[in-house]
């Protein structure tokens, strides 16, 4: 899994039916941005864990769902404080 | 998923039967280009969402379709305007 | 598989049910960090082998588990000593 | 999928039985080279489309074939001429 | 598939049962190193073909084996001699 920060929702009205009406979020890891299916309900600024590969399909709710990147958790505190 | 811009159609007459006659598009993300199966019907210049990994097969219409990158949606407005 | 060093545990209270209560570890390979499901029980500083792709699901214990990176072993001695 | 140029055949006499006697080609995309199973019959210099991920197995002819990169088509004209 | 050179065996006594007692090899492609399951029986210095993705599982002998990189062949002559 990778750690990303949620940047903004992504709207794509013209989409394949298989994507349904799930929310898509633009997520960012430094210079790298990607689009993830939101399975937890997050808001811009959240630091999240995203799962890729074939596991992204299960994580999005069904083995048939066409996702290759799904937000599976919101990190409690990130970045970690060195003084902890 | 990744955001790409559609560049041009790609013609490959000599192909394996499994690819059928689906349209292939050259897509670009900065210096990186790739070839994607077009599942929505897009035109050069469109900003699109592409799904990779094993999900690209389902997204192309069937679990047996040999795609590792499929265009699954056209983004309404991209790049986003900061003034929104 | 890739060799990583375990950095710290990662806490994400708000997660999808499918992740269950498995421990997540932040792992690092030089400048690259990732999050892995801990299937062996390791501690920060350990050098570990992580498996990705769809094999990460089996390695985490079940074909349905939504992992794309799982710690599958702790390396006996790393980095190797050239004098061995 | 990715666009590669075929460089040369690759001979590996000592191989697992699962690879059978399929032809392997060294393919190149700028500084990146890879080895692909040839499912179309191409010759050095050809510009080809290669499919990766789990789709490479189906593309090589069977769900059990151990390929992660398979040549699925020869591009008619590449690179494209800007004057077209 | 990718071409790697075998560097050394990797010992990880504390491993998940699913890995069994298969030999693991550290393989290198320039600055990039990885760990592969050895399905052919190779020795340090050999140039080998490694298969990744979900095909690495089949190549390691079973659909359930948790590998994402498996050595599937030893290259007869590498690097190729330009005078051939």
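The chains carry the letters A, B, C, D and E, assigned in the order they are written, with residues numbered from 1 in each.
Going forward, a residue touches a chain if its C-beta (ideal position, glycine included) is under 8 Å from a C-beta of that chain, and two chains touch if they have at least 3 such contacts.
Keep in mind that what you see is a predicted model, and the values were worked out from it rather than measured.
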| item | value |
| --- | --- |
| Subunit B and subunit C: spacing of chain centres that average the CA atoms, whole Å | 32 |
| Subunit C and subunit E, separation of their C-alpha mean positions in angstrom | 20 |
| Multi-chain contact sites of subunit B, meaning residues that touch two or more partners | 52-54, 56 |
| Touch-based graph of the chains, sorted into line, ring, star, complete or other | ring |
| Going round from subunit D, first to subunit E: chain order | D, E, C, A, B |
| In the complex, subunit E residues that touch subunit D | 1-3, 39-40, 49, 51-56, 58-59, 70, 72-77, 80 |
| Subunit E to subunit C touching residues, read off their complex | 8, 10-16, 18-19, 24, 26, 33-36, 52-54, 56-57, 64-69 |
